[in-house]
Amino acid sequence: MSKQPLLKINNLSTSFRIGDDYYAAVDDVSLTVNENEVVAIVGESGCGKSALALSIMQLHPQERTKMAGEVLFNGKNLLSLSVSEMNKVRGKDMGMIFQDPLTALNPLMRVGQQIEESMKNHLQLSDAEMKKRSLELLNKVGIPNPERTYMQYPHELSGGMRQRVVIAIAIACEPKFLIADEPTTALDVTIQAQILDLMRDLQSQMKTGIILITHDLGVVAEMADKVAVMYAGEIVEFADVSTLYNNPLHPYTRSLFNSIPSAAHGQDRLHVIQGIVPSLKNLPRTGCRFSERIPWIDSATHEEHPALHEVEKDHFVRCSCYQHFHFPKDAEDLKYDIS
Amino acid sequence: MLKFIIRRFLVMIPQLALLSILIFLLAKAMPGDALTGSMQANPNLDPKVFEELREKLGLNDPWYEQYGRWIGNLFQGELGMSYIHKVDIADLLGDRMANTFWLGLVTLIFTYLIAVPLGVVAGRWNESWADKLIVGYNYVSFAIPLFVFALIMLFIFGFGLHWFPIGGSVDVTVEKGTFAYFLSRIHHLLLPAITAALLSTVGTIQYLRNEIIDTKLKDFVKTARAKGTPEKKVYSRHIFRNSLLPVAAFLGYDIVFIIGGSVFIEQIFSYPGLGQLFISSINQRDFSVVNILVMLFGFLSILGTLISDIILSIVDPRIRID
Amino acid sequence: MSTPIVEKNNISLQQQKTPSGFSVIVREFAKDKLALFSLVLFLGIVLYVYIYSFMLDQEAITRVDLFNIFAEPSSVYWLGTDYGGRDVFGQLIIGARNSLTIGIVITVLTAIIGLVLGLLAGYFGGWVDNVIMRTVDFILVLPTTMIIIVFVVIVPEFNVANFIFIMSIFYWTGKARLIRSKTLAERELDYVSASKTLGTPNWKIMLFQVLPNLSSIIIVNMTLNLAGNIGIETGLTYLGFGLPESTPSLGTLISYSSNPDVMENKWWVWLPAALLILVMMLCINFIGQALKRAADARQRLG
Amino acid sequence: MTFLKLENLKVYYPVRGGFFKRVVDNVKAVDDITLELKEGETYGLVGESGCGKSTTGRTLLGLNKATSGKIIFNDVDLLSLNRREYSQYRKDIQMIFQDPYSSLNPRKRVIDIIAEPIRNFEKLSSKEVKRKVQEVLEKVGLSPESIYKYPHEFSGGQRQRIGIARALTLNPRLIVADEPVSALDVSVQAQVLNFMKDIQKEFNLTYLFISHDLGIIRHMCDRIGIMYKGRIVEQGTTEDIYENPQHIYTKRLLSAIPDINPDNRDKHMAFRKQVDAEFNNSFNQYFDTEGKIVDLRPLSETHSVALP
Amino acid sequence: SGKKSEGQEGQGSEPELVDPSSFPKTVVNEETEIDGGSLTYALVSDTAFEGILDYAFYESSPDAEVISFFAEPIFAYDANYQITNDGESAAKFEMSEDGKTMTVTIQDGVTWHDGEPLKAEDYAFSFEIIGHPDYTGVRYGDALISGIVGMEDYHNGKADTISGIKILNDKQLTITWEEANPSLLSGIWSYAEPKHHFEGIEIGDLASSDKIHTDLLGFGPFKVTNIVPGESVEYEAYENYYGGAPKLDSVVLKVVSPTTIGEAIKKGDVDIASFPTDQYDKDYVPTNFQYLADMDAAYTYIGFKLGHWDAEAGVAVQDKDTPLQDVKLRQAIGYAMDNKSVAERFYQGLRVPATTLMIPFFADFHNPDIEGYSYNTEKANQLLDEAGYKDVDGDGYREDLEGNEMVFNFASMSGGETAEPLANFYIQNWKDVGIHVQLLEGRLHEMNSFYDRVEGDDEAVDIYQGAWGTGTDPDPYGLWSKLAPYNYPRFVNDKNEELLAAGHSEDAFDQEFRKDIYDQWQQLMVDEAPVIPTLYRYYLMAVNNRVKNYSIEAGSELGWEDVAVTAEKAFVEE
């Protein structure tokens, strides 16, 4: 890559204060997103995907959060910006699409106002221009009757419509970079398909770099160029999409693939990842974080914290045993799941 | 909206009808009547005269006849006569109502003038020392008995500092209709209004504070920040606005609350409004006035809740009334 | 399926274990020193007042003593005497007992009425809800203060029991509303549906399934109400519609301050009562806030 | 003997409005559906949000009132029974709820949750109850010691299993599973699905499996009904539906499922575009003059579709 | 601790008593008065005044105070509250020999505030109002009104005019009564109504008309210029007042709550106010105002319910089955009450123990030699022992003659600061001599319910504490005759009837005769003790030191027109 990457995250850590101590929800994450590239982040709930996204946008409550590392956006470290400097970046150069389209919209403001707010913050446009542009945006995100929707309140729209509005807001100032945090989880499959199509169209038009957060491997397969698998605040595997799908290496990634029904055609039983994602406070901080959930392996060999290393070109894995890792026949479900 | 209002007014009818029967019976059940007092005050008069008067005033008829007469007159817009004041109740209420109205209004204004900034400060900088101070004030104003506080205010600002008059609604020596008259009325209003306001801020402050603290964490606030909206605007356009608008809907309930409180405030500040009239009418068994006042207050509280509902539907697009 | 093997490989579940109910409250109080202090102080006051007041001879305390009118606080009269030469300290204790009793009983009574009706209305909906809520609406629009005053005038034998009765008639509505709205929300939750499909009768679902889930808000609401109800008779007493003097109450003592001479110069008559109310209300509020937080935390964890 | 048959079932929710809050309209949540379940099979009900899946399931359990129609279970029309008569069928039909969090009363210990149906239907001493609860718990793979824990001390999958255990204590024959895994993470989801399959074999259960995730439906179900706006538009075996969809809505639904293989991406997208276009064009064909979905018409023994 | 030991009881030292009779009745102010000036008069009341501002209609005393500035009686009164021709007055009168007819002559130069002269018909008109069948006020029952010849017919609508009132000319009229009445001079209705002002208004509507509420007309020294209903009135000097132009330019009257009046007086917010006696502090020496005091025309008493009122026959029947029928018991109860302490301690001497039912206010008739029931527990005990009331069961209370428990219910009115401890104090007093009395229903009763029960002869009431305002007519007939419904004890005694009748017979025009009759009556009532008078009372006025010529003395020459101020502004407490 000769060109400077759009977004380069170097060793980013984000810790939250719980009680009197800080706990890292994002732990030493490094990631690169180029222009016109979709990087997907997958992982179970609670593994730190949203925390990472909000760290990039600097939207965590300051008084309870500590951040370390670098987030280089166009070469500029966002972490060193003041709030007002950051405000100039947010919305203009980077936009964000939130998961729940109802709560992400201000219930007391008309759709039009909410779209225009972003333009007001960054562009010097007259009211008429802003309105014109808002209508264009609404049209662009596939809202059938922009004039009408412009004047409506969020609650008057269906879930799919709201999500389109959220997208319209995010792209109002044509940002070069977008973060989409589970943009379709709350939607029906048919609507999901529409939204994904829409995002893809927009992306190809505007050449934005996108971080797409999801836990649906199908969505990743449809959308992403590169995939980062996260577990317990760390990236455990990173590769481009077909590499990863054809050759998942990390035990966690493999478990994920094995547990989804659509990938397990004809198989009578699905694979079960033992246990659950530990809560932030209870995250194992030493050794391999995932080893806890593979009860059939010898945890003694995993006391060392594995580093993320490149196993083939552009394929990174954080595991010391992926080469010999196997799923035992009886390792399926109930037996290891103890209450 | 119109439909909603009409329906609410229709619902009001049975409520008021029930209230009228209730209060009529209760009033009748009170020992003594409007003449008892003046009988004791004029022992040189033959009690037969009072009997005669009772007959004349219809006080000896069975309750349902009296009730029927009363309701019948009410429907014709006649409120009846005060037994004690010997005037048409409409005339009697006129001035008092104006007094109570102005007192209520100014109290309301002060309540919001005090409560909104305090609530906003406490909500925005919650956990700060200012917040703690405000919460402390809130507790104390909730706990302190109204009349103790009112008396203290009266002694300090009325007598001690001479800033405010010690009673009444207006200075009798100023000409009605002049600016001085207006000023005099305001001057008489201020102390009771501020006193009442200081104690009625609890609900609003509490609500506002909680609401702001909640709203701060809402997703749409994140959206606003993600748009690059400056912090000041995030607060003013999103957080405060969303927290304040519901407060506007308190207006109606506040009206109800302040009306209820007028009974106390007016008594303490010798401010001749409806509340004071009510107490003296009860003591003098001026039934007709008691009944009308209760009906009026009942009507006002219904109206208050209606206003609240309407305001709420206006400020919050999610609530539709039809 | 063969018998599953149960092993003890407790990954993170043990650590996930979160304290519930009572221990959350304990923890909350342990963290909030002010609430803890309030709790101790309030319980102390309550115990002292109830125990001590039964040791006191009410007749001796309310005995009029013309030779000790407005005596200043002394070793004999800890808080001096009032205009009837009656011991203020004794009246304060008995008054606090009466006011506390009034506050507690009204709180409990209105809670029970509000709970039963609110549960019925919320759980069954339909005409049951309609009847109950229309009644509530009606009582809510009543000018309560006024009607209570009229009631007080009518009741011939006005004592603590009657006072409680009158107040309770009017004060249950708020709770009924609250409980109803919470029940409505709760009713939609699947565990209620589950109980229904399991053949549990409605009354059992209401009492044993829904009710426990409302307990935290009920407790919080009751504490905060209690604070309001302790001083409930002060205003009425001031207007002359409170308890008779022969039944000492904090309101009676405070309302002596309406005589300016007492207000300014005989502080010992009214100030202790006013302060006692203030302190008790503050205590209850702080306790209530802590409970509220505990309740919230539980809801988050649940 | 019919195991279960819904005949012309309609469930309408009244919409109130106007001046006196009269019923002015109905939401036709379930609008005349007929379907039959055979003992031991898993029948999947799929459709977009709000199409009436849950309503169907809940009506089957008596949680909603049917407006008209019949629910024939073991040759008895459940809707014609009074409450007492109905209670004997209570045990036979049970439900697994979508949300493992709200379907367990947070204030109850596991033992009380699971013992609830036992206490309702059987008179047992508390010791026997405890033993029985432990038995069931073991069956669902939870340690018997956990009976004194509260629901929030369990993970989502475990909670879902507690819910299932509760339903199992009554030895039901039919279980309505309303989106039993959609609130769960992928990993946990697998756990529950596996488990449901296990117990089905063990207890010879019949499932009415409601979901909008076509992947899961395919994995779980023998036969599938596609619901749209309160009606069934297509019904058939899993094979019929996935390999040979006839109704345009079914096709659209299927095409919307993301393909797990990134290499098929463009192909899949093209296919979807094509189905969408067809959907928009031929939509009218599938409705009668009043805009209502037409009745099902059998195509084969197992496969029927709502085509005019 | 809060307990009291017996030893402490007498601890309080003898209070230095105030002697209310030593207070002046006229302000002492040697300064020279300034020209004009304005004065603030406080109407002390915790409610608004009702605003029925006419003598024929008003019912409450605050209204009367408001009226007194702009309207006056047409006659002058002497120190005995009797009308007199001495001194300035709007009319003079002359009695016929038989005492039944009075000729009234309006003086020249008396004009209403609108300039119209006061006429004889104005005076006659006030009788026509009060006697009118549609009249809704309460003045009609007075014997001196209903006893006018032809009044009954007029009142019943049988006649259009009152035959006993004859207008001779613009300035003169005669009034004839059916019977001569010695109370005439003190009790005659002496107010005129501005007939021209009320022109066109039906008498039935008069009560609610503006003309007696806001649009007011009188011929007093001040005229009303502005009125804020219920709270304040502004008066301006009436330059053409027949007694000479008032010295003050204006007076402002405003309602001040009893709670705040003390402060208001000290701060000079008001110049003249009646001062609540329960707020009087003998240790406080005012610097900016002075107290005036005079005896009030009222007394309190303890009454025993002895019978019931036979409404049909219109007569009291003394038939209640109660030990209280025993005179000795009643007397003992009387002796047991320590009214001296009450007067001194509760009221700091502003009330004095009462002796007889004829109050000292009527100096001519009050017999100071009768001792009444002064505190004497020994005597009380002795009487009880004699009568046979013994404490049989040793519970500290005496049982009745049959040895059954004897408990009396005591009804007392609430209101006023000391009501409750006072009632309890009496109960303690009675307990000291072994008589068991308890508060009816354990509490005081509010005025209306109190009278409901006392008047209604409620069986539950045995003893009650009542009070009467006597007005200026000494005749006690209306309160204590068996024919008087106000005779709440329902006391029936032939001698009593005889004396009461004699008291207002024609013979009673003879002052000596009347005094003798009333002496006998006072003694009789003490001996029979159907009621025990407890306290006579003084009332207090607080007057700012700048006020001059203000007097509360009966028969004083000084009226509102003479009141002046000696400084621009009221003095403020130092």
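Residue numbering begins at 1 within each chain, and the chains themselves are lettered A, B, C, D and E in the order written.
One rule holds in what follows: contacts are C-beta pairs under 8 Å (C-beta built on N, C-alpha and C of every residue); 3 or more make two chains touch, one makes a residue touch a chain.
Here's who's who by UniProt: A = ABC transporter ATP-binding protein; B, C = ABC transporter permease; D = ATP-binding cassette domain-containing protein.
The structure displayed is predicted, hence computed values, not measured ones.
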Specify the chain most distant from chain A by Cα centroid.
E
Chain centres computed over CA atoms; the one at greatest distance from chain D is chain E
Of the pairs B-E and A-B, which shows more C-beta pairs in contact?
B-E
Chain B (ABC transporter permease) and chain C (ABC transporter permease) have mean C-alpha positions lying a whole-number Å distance apart equal to 25
Rounded Å distance, chain C (ABC transporter permease) centre to chain E centre (Cα mean):
48
Quick one: report the Å distance separating chain B (ABC transporter permease) from chain D, using the average Cα coordinate of each chain.
55
Hey, how far is the Cα centre of chain A from the one of chain D, in Å?
31
Give the residues of chain C (ABC transporter permease) touching no fewer than two other chains, as numbers and ranges.
4, 6, 8, 13, 16, 153, 240, 258, 260
Send over the residues of chain D in touch with two or more other chains.
141, 143, 149, 154-155, 158
Chain B (ABC transporter permease): positions in contact with at least two other chains:
30-31, 151, 155, 267-268, 279, 283
Would you tell me which residues of chain B (ABC transporter permease) are touching chain C (ABC transporter permease) in their complex?
15, 18-19, 22-23, 26-27, 29-31, 139-140, 142-148, 151, 155, 259-260, 263-264, 267-268, 278-279, 282-283, 290, 293-294, 297-298, 301-302, 305
Under the definition above, what is the set of chain D residues touching chain A in their complex?
48-49, 141-143, 146, 149, 154-158, 185-191, 193-195, 197, 212-216, 218-220, 252-253, 255-263, 265, 268-269, 272
Across the complex, what residues on chain B (ABC transporter permease) touch chain E?
30-33, 35-50, 53, 56-57, 81, 84-88, 91, 95-96, 151, 154-155, 158-159, 162, 166-173, 176, 267-268, 270, 272, 276-277, 279-280, 283, 285
Interface residues, chain E side, partner chain C (ABC transporter permease) - complex:
1-5, 8-12, 259-260, 262-263, 278-279, 281, 338, 341-342, 345-346, 414-415, 417-418, 420-422, 424-425, 428, 439, 441-444, 446, 448-449
Given the complex, residues on chain C (ABC transporter permease) that touch chain E span 56-57, 60-69, 71, 76-79, 83-87, 89-90, 93, 153, 156-159, 240, 244-247, 258-261
